[in-house]
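Two complexes are shown next, each including subunit A; its partner changes from subunit B in the first to subunit C in the second.
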Partner chain A sequence: MSKPAASPTDLSPLPPEHAVPEESLESYELAFGQQMTTWAEILNDNGERLQAGRFSLHWMETDKANWGRRAKPSSRGMTYADTNRVEPYGQMPEKAEWLNFAPRGSVRDPYAQRMPVLSAYDVVDRNELWAENVITLYEEAKARQWNATRDIPWDELKSLPEDLEKATCQLCTFLTEVEFVAGDFPAKWLYRIPQDFLEVKSFLATQLMDEARHQEVFRKRAIAGGGLLHASPGFEWALKAIMEAPSHTMGTFLLNLLGEGLVLSIFRSGEMIAKTHVDKEIFRLCLQDEARHVSYGVMELKNHLDNVPDRDAALEDMHRFADVGEMVILTAFTEAALIEPLAILLGGGVNRIEQGLEQAGALWGNFIEEYLGRCRRAGFDRSERCGIPTQAPWLQ
Partner chain B sequence: MARRHGHYYVDDTCIGCGACDHACPGKVDAVYEVAGDFLGRFAIVAEECIDCDLCVPLCPVDCIHDARNEGIASKDGDLEQIKKLQSWAQARPQAL
Partner chain C sequence: MADAQEESAVQGKNAEPLEFPSLAWFERLAALMNDNRARQEKLGYVDCVAGFSVTGTRALAVQVTFDEFEATDVRVTGETDSNRADFTLEAELETWQAMIESIAAGNGRPALDQTLNRLSHMGTPLHLLSDDPLRRDMYFRFNQSLQEFFNASAAFTTSFPTS
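Moving on to the complex of A and B:
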């Protein structure tokens, strides 16, 4: 065997990697150094106590605690609704003041001065995130989790004629693309919500899991059927508009109520769109998840509008935001990379794309009707101002 | 004497989010997912419903109705009328 051109010992070592930028680390050191008096005092106290062999046992004091009030499970088990019935665990602030991890209902007042403040927690108003159905939706989300690896009969997936297979794979490419934002958006806001709103954070965590599973199942379906096809600038602008929404309520409206409402309409037509029983099962399982997200979006907006100090001003702000949001969603909804595969699937082949387009027009009409109905339910009437035409452009 | 029953029903615009399912008191459990429904919609067993109204405000699409508000089933014995209002839904699946 000939000697390799270079043995490992001949090679220069790799340059050291700077996984953490120097300025970030310096800034971190500086911040904790400046706050050292607080946490170093705690460390000092702990050290003295331990060295002296003393016990504190202060945590056994129950004078200021809610000790002894025990939650009882309902017949379904122990839900947040069950624990929230025990005073004061269910008392949620209108404005969160605890910007750290101290659990709601724990003994925390005596320690307020020594607690750190996390500046990331800046969505502090209950009316920016709460929905009356968030607890029951969280329970439903946990009960309906499924597994995109095992719960889809992948080994029964049959090849379709090329036009239908390409249309299916393009639709799955679109869905994979949009499911990314549906996961990133709640992730972006989840970490900005203080722990006092733990029920909302828990629900958003389920939404994150749902969307991870959706992008997974559509990616797998496309690759199993031939491959991912075309990403689309029109989709991207709509997704960017969601990610960069100026408030949680506005972004939730655009993602959950409008965007996911559109995706829910597509999934609900899954019996017509899907050309295999495997695809039908994918749509069926996904639409259950999407329904929860739409549900939260509607009721979050309703709660927001019902509780803001100046409803008229909030409504006008929402209208201004929706004026833009509807246009960017329309940009996505009119993309050839969405409308054409839908029409081919609905029509039954590329040679029946015209007939399929008529059916897609009916789907469009249903979607707008459902969208406007959900807005009305939230107390946000868009019927006179909606920028999306009630009839599909190709039918006008 | 007619057996007591609830007066709430779900119309076919339900989106299947399930917010009502867990709102129904556990010992009542009158809300069920319609078996075999592709859209995953929910319905109410009128015979088990206790008219507590807890599910109604949680519905995002206003698809849960009190038949009494519509001039229907204002007295006992109108169970069949309520069931007709929910006739889109198949019977509740049998527990295994």
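Moving on to the complex of A and C:
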């Protein structure tokens, strides 16, 4: 009879694991233990009051509150627009000064001295994030959510000829890759925006959800159809350029207006060339979400340019940024891992890739026209300076 | 959804056929949309004024106002209405007819080459017209709702003018 396997009690204890670097934890202890001690004063006050059996009830005072001005719902329910109609809840500062979590419109002045300051909140200018359509887009985004697990007729998915299936899966691999950045970019800025701009934060949260769903649905489509195929360095550099944009407005221009404008064209093309109703449904649902993001990008840039103190200087800065941005986006959108599967799907097979490239060339022209139109709508005329050729490189 | 549409298609097809293009045809689509609020609530808000234009000898231009979950106004485009529409979809009668017949044949789901986006993406045969890029983008923001607006035509019989 063989010796029984060692029981868990026979094993030596594992060495202690430090999930958090020691110096980070020490630094945190020091900060909240010795440097920032206001919370300890508050705790002490609270302790004394509770021990004495006293109630404060200061929070029932309404002298400095906007108490009794009740918001009324519209036909859609209670929207931000409905609550913002009640003075002063809709008053948004030009520059946010409350760099903590105190809600806009609450009684917060008396507590200013005891409030913490979050240094992460450093996008404080309304001109760097507001768009006049942001509340509408937020409501629309919530109302038009869908579920990549249940709302796609996955059971209708049929195998395609190998070249078309590979092209579809490569296109989905590309879209999975780029949709990650479209979620990470708003996430990167979301936490830097103070609470006074709650409407923008709310909209960015919906964009995050949209992009999570997009990478989910394209990942699922690829794996259901054969598998994920090739990642691409050309995509990655464009995504890095978006992530590292020097300001929220510039990054939003590059991601939402230019990048997502192009992806919107790809989604529309995807719907057009879809070989199954499953793919039709995926692309149609995604293109709706993408168009919302594009609309925010256009109006955010417009708001920025309309309100900066020196419009000419801001325009020149945007042009300098776009000069670079257009080139890196062009790098991504000339990658073989994108153009070739698209051409195969447009042409109808690998043996018709040349014809597909011609069609892709026509779509390229349409896209550049749309891009320049959206720039003009935002008050940013790129027609004389656009670095992306109006004709597809393979047709020149 | 498919079952409900199929059922109403059977019921609808006992009724008098509606001619396309006509104001009454679009009014029927609006009524069907408004009767199916649960589906609209699933699809989400649709807020735009969409123009639908048939060119050629049987020309007709109609505007449909979508608000929240309903089609609230259907009218023949008048002289003063030119700027009301956020965007207009324009095509020859033959294009519209092929799409509507495909929807009917598919019991509310058009063939792969007969969806609104498929027909409009290359700029032909269905033209997407708008002076304002932001308003033009509404066509994309509400595309599924607009597709299902037309898909509901499977619920009744459409007749077309003979050439």
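We adopt the following convention: the second predicted complex is superposed on the first by the 382 of 396 C-alpha atoms of A that agree within 3 Å, B and C clash if a C-alpha of one lies under 4 Å from a C-alpha of the other, contacts with A are read in each partner's own complex, and residues count from 1 in each chain.
Please note the rule applied: a residue touches a chain if its C-beta (ideal position, glycine included) is under 8 Å from a C-beta of that chain, and two chains touch if they have at least 3 such contacts.
Note that the structure is predicted; figures quoted are calculated from it, not measured.
**Student:** Mind checking subunit B and subunit C on superposed subunit A, clash or fit?
**Tutor:** Clash.
**Student:** May I ask you to decide whether A:295 touches subunit B, subunit C, both, or neither, giving the answer as first, second, both or neither?
**Tutor:** Touch partners of A:295: subunit B and subunit C.
**Student:** Classify the contacts of A:145 with the two partner chains as first (subunit B alone), second (subunit C alone), both, or neither.
**Tutor:** second
**Student:** For A:287, using the defined touch cut-off, is the partner it touches subunit B, subunit C, both, or neither? Pick first, second, both or neither.
**Tutor:** Both subunit B and subunit C are touched by A:287.
**Student:** Quick one: is A:271 in contact with subunit B, with subunit C, with both, or with neither? Answer first, second, both or neither.
**Tutor:** A:271: touches subunit B and subunit C.
**Student:** Is A:331 in contact with subunit B, with subunit C, with both, or with neither (first, second, both, neither)?
**Tutor:** A:331 contacts neither subunit B nor subunit C.
**Student:** Which partner does A:377 reach: the first (subunit B), the second (subunit C), both, or neither?
**Tutor:** Both subunit B and subunit C are touched by A:377.
**Student:** Determine, under the contact definition given at the top, whether A:100 touches first (subunit B), second (subunit C), both, or neither.
**Tutor:** Neither partner.
**Student:** Classify the contacts of A:79 with the two partner chains as first (subunit B alone), second (subunit C alone), both, or neither.
**Tutor:** first
**Student:** Figure out whether A:366 sits in contact with subunit B (first) or subunit C (second), or with both, or with neither.
**Tutor:** The second partner, subunit C, only.
**Student:** Residue overlap on subunit A between the subunit B contact set and the subunit C contact set?
**Tutor:** Residues 75-76, 133, 136, 139-140, 143-144, 264, 268, 271, 280, 284, 287-288, 291-292, 294-295, 298-299, 373-374, 377 of subunit A touch both subunit B and subunit C.
**Student:** Can you tell me which positions in subunit B touch subunit A when the two form their complex?
**Tutor:** Touch list, subunit B to subunit A: 13, 15-23, 25-27, 29, 38-40, 57-62.
**Student:** Show me the residue ranges of subunit C that touch subunit A in the complex, using the header's touch definition.
**Tutor:** That would be residues 43-45, 47, 68, 109, 112, 115, 117-118, 121-123, 132-134, 137-138, 140-144, 147 of subunit C.
**Student:** For the complex, which residues does subunit A have touching subunit C?
**Tutor:** Spelled out, the residues of subunit A in touch with subunit C are 75-76, 133, 136, 139-140, 143-145, 264, 268-269, 271-272, 274-277, 280, 284-285, 287-288, 290-292, 294-295, 298-299, 359, 362-363, 366, 370, 373-374, 376-377.
**Student:** Enumerate the contact residues on subunit A facing subunit B in the complex.
**Tutor:** It comes out as residues 74-76, 79, 81, 132-133, 135-137, 139-140, 143-144, 264, 268, 270-271, 280, 284, 287-288, 291-292, 294-299, 373-374, 377.
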